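Worksheet: the structure to be examined is printed underneath.
Chains here go by letter, A, B and C, matching the order in which they are written, and residues are numbered from 1 within each.
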Amino acid sequence: MMRALWENPQARAGLVVFGAMLAVALVGPFLVGDPDAFVARPLSPPSMDHLLGTTGQGQDVLAQTVVGARTTLGLGVLVGLLVVAIGSVVGGLAGYFGGKVDELLSLLINVSLVLPGLPLMVVLAAYLPAGPGSMAAVLVVTGWAWNARVVRSQVLSLRKRDFVDAAIVAGESPLRVLVVEILPNMASLLGGAVIGATTYAIGAQVGLEFLGLGDLSAITWGTNLYWATNDSALLTGSWWTFVPTGAAIALTGFALALLNFGLDGVTNPALAAGAGTGAPGPQPTPVRRSP
Amino acid sequence: MTAPLLRVTDLTVQFTRGGGFRPRILRAAHRVSFDLHRGEVVALVGESGSGKSTIGRVVARLLQARSGTVALDGRELPVTRHLRADKATRSRVQMIFQDPYASLNPVHTIYHHLARPLTLHGHGGTHLRSTAAALLESAGLAPGDAFLDRKPHALSGGQRQRVAIARALAPRPDVLVADEPTASLDVSVRMEVLLLLRRLLEARGLGVLLITHDLAAARWIADRIVVLYAGQVMEQGPAESVLSSPQHPYTQLLVAAAAHTSAPLPAGPGAPPVIDPPPGCPFAERCRNATTACRTGTIPDHIRPTTHAGPWVTRCLHPGS
Amino acid sequence: MNDVVLHIQDLRVAYGSTAVLHGASLRVSAGEVLGLVGESGSGKSTLVQGALRMLGRPAVITGGDVILDGQSLFDLDAAGLRRMWWNTVSLVPQNALNALNPMLTIGAHVDDTLLAHGITDAADRRRRAIDAMALVDLLPDTLTAHPHMLSGGMRQRVAIALALLLEPRLVVFDEPTTALDVVVERDILDRIRALQAERGFAAVFITHDISLLLTFADRIAVLYAGRVVEVAPARALGGPSSHPYTVGLLGALPPKLGEDRTAVPIAGVAPRAGQTTPGCAFAPRCTHASPKCEEPQALRALTDHHHVACHRVAGERP
């Protein structure tokens, strides 16, 4: 599977770009200066000394962008994994056992889905003490249900397959059947779910922080944008205070989207590059006589 | 006759369809009784909707019954109460499914499919791999070792079905429920699989409950045949006798249709009444000999003892006509 | 029976770079049923659908010719072919039961087909729809039903009615009764025969169930590993001058009532689709194989109607 992903051009591009962002997040902070330090006159444009200029508080934009990557991406990936994990457990149990268990868990899932996400996020973020833990909690609480729904319906359909019955007749316990027999058949779905959830986590995180609901003392992409606006970046025309972070976010989102498309292409060969183009209606089988 | 290995008595399986004020009852099986002895193949035959697969799944503890009993070596199984079964009970009844492409897990190797049941039922241990290979060989896949690391998609339909048989044999069962094991296979491979089942049955002293709509195959491989229509037993008895001179009008219809001649059939096509079924014989609406008595009241069993393979029972008011 | 409706000559089809059909030839006349029998991987669906150019990507025709009602199908462009499809030749596809769109009523299916072939008058369409249902003994109110409300047999009858809508000269039935019970199957077969007597179309009946064809078809073509190995009148199949594969196939069936024989499976495994040998593909499993079998075996005529691709049976006749 991994090999197939690598061979798919979209997936490869996505992996390379996202991998580069992760590398920057991990290693970058050691290569740049202290993002909190006052280094030059505030709102100085990019120059040889400071490649991306300075913020409204005289801090190095490059350093802030690079350091911000660490928290944003780290939390994003972590929340993405958590959301899928929780969603899989709840959805998996509901889909596998059916009956009363399904009714109860579906109720839980549906209530979570019906609660308005953005207001809930805002309220929770405002109420909880600032910090990465709270941010993770807010994102997970508002994000797990959609995944649970998707996993539940896929498990429901796989549950009916003969190989599941065969495992039950052979004497496997329900948990083993769910985890060892059913879930591996959903690998591509779960992979796509993680990518989607990570995208959501990054986007929601940045959104909340931009509104000022995150930990304002931390350096993240979201808070970078918050401070840029707060320090009147647009009014003064200081594009360098928000464009780098914005570009980084956009690039990350783009990379994850490419990875998702690539994954779709690998798991559904009909979507792979080259097929499905041309005029509408059935095309007759071509005749190609070899000389 | 020795005591039966499997005795099914008055088995009834029902499903409710639709809720609201008047949910409808789908009667998949109604008061079905038959025996299965060691070393014997009993074929449950019928068209779709006859209930044969449902009965097989109840015996394999995949479905719950509404009433009736299923006894294994005299001991009753809780088929009406729940689907939980401990490993010891599970090991005694195993199942082979119709579609060899669906009954193996596409993400796992053949080794996994065999190692799990072997380990679960205590036949694992240090020689797990060679035991698995030997099991494949006894199902006709030689050399067994060559197949262990492959995945199902690399095997043909016939080969996959052999893997399914090997897997079913791993827990050393007493009863094998084979649900249309050859329906999805090529014609030239079907006989091989049926002969394999027969060979294994004799070698290991199993009982095989063969569920099939293929009358010719049933006649070839089964000792006894149970003919089902709309979930009820119409006729049962020694396979050769029942199929060469069927007593029940429905059996006569099946035999005539399966013969692929151009002679007209004794009745036309029709759907068996399984939803909210009327009283009396379910075949009455299609039967040309049906009388008013057939549509009311209970239909008696005509029992004709035979010298071998148990009695010949026909549930009909006008058998043999 | 001289009115040859379909003539397939030496057809070769490949999926991408893998050749799956290696030169198959067939002829079907009006009013006759040609049975096409083969196991999985033999290429029976590929043969007919490829001949009609109904195969999707990555199939490509690499050789031969197909004459339908006097017109070479390989000379036609897409528009010409679409005129042919359903008008001159129609297909009752494999799994027609599930090929009907569950979202549309039967009436909508009929209407769509008629509209697609230029029948613009709504009253005309309505009349043809009712006629179509009557043709297969279905009540007009079937037109308002959705596919899932009908039984398997009824859906198959709908598929047949759809195929006959524009009164084609040739109807191809691809495994139409495989998923049906034996009593319903018999009903469908009787109907096909009756409709053919009434309308006079040529019929190709593809199936893996050879015992069905022995009493239903007029002539039978046997396919093995992408080649036609025998074409014979149904009664002559399995006799002493039949291809060893045909004999093996018939011998592997469980014996019928009154038949005194033991069923014997064919030894060995059939080649997968796409595997080729220059000579006879059946030789590794044949009890009469000889070195001569490694040479290409052409279909040779034993009589006007009986052709066998086996040098042992047909001798050296061209």
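In this section, contacts are C-beta pairs under 8 Å (C-beta built on N, C-alpha and C of every residue); 3 or more make two chains touch, one makes a residue touch a chain.
Here the structure is a predicted model, which is why all the values come from computation and not from measurement.
Participant: Without chain A in the mix, what are the joined groups of chains?
Facilitator: Chain A out, touching clusters collapse to one piece.
Participant: Taking CA centroids for every chain, report which one is farthest away from chain B.
Facilitator: So the farthest one, by centre of C-alpha atoms, is A.
Participant: Ranked by contacting C-beta pairs, which pair of chains comes out on top?
Facilitator: B-C
Participant: At what distance in angstrom does the C-alpha mean of chain C lie from that of chain A?
Facilitator: 51
Participant: So the centre of each chain is just the mean of its C-alpha atoms; given that, what is the distance between chain B and chain C in Å?
Facilitator: 32
Participant: Centroid of chain A to centroid of chain B, CA atoms only: how many Å?
Facilitator: From the centre of chain A to the centre of chain B is 50 Å.
Participant: With touch defined as at the start, can you tell me which chain C residues reach chain A in the complex?
Facilitator: 13, 50, 53-57, 59-63, 74, 76, 78, 81-82, 85
Participant: Where on chain B is chain A touching in the complex?
Facilitator: Its residues touching chain A are 60-62, 85, 87, 90-91, 93-95, 97-99, 102-108, 116-117, 120-121, 164, 167, 170-171.
Participant: Residue numbers of chain A touching chain B in their complex, please.
Facilitator: 161-163, 165-172, 181, 184-185, 187
Participant: Can you list the chain A residues touching chain C in their complex?
Facilitator: 275, 279, 281-290
Participant: Note which residues of chain B are touching chain C in the complex, please.
Facilitator: Residues 47-48, 156-158, 186-192, 195, 213-217, 219-221, 243-244, 253-255, 257-262, 265, 267-269, 271 of chain B touch chain C in their complex.
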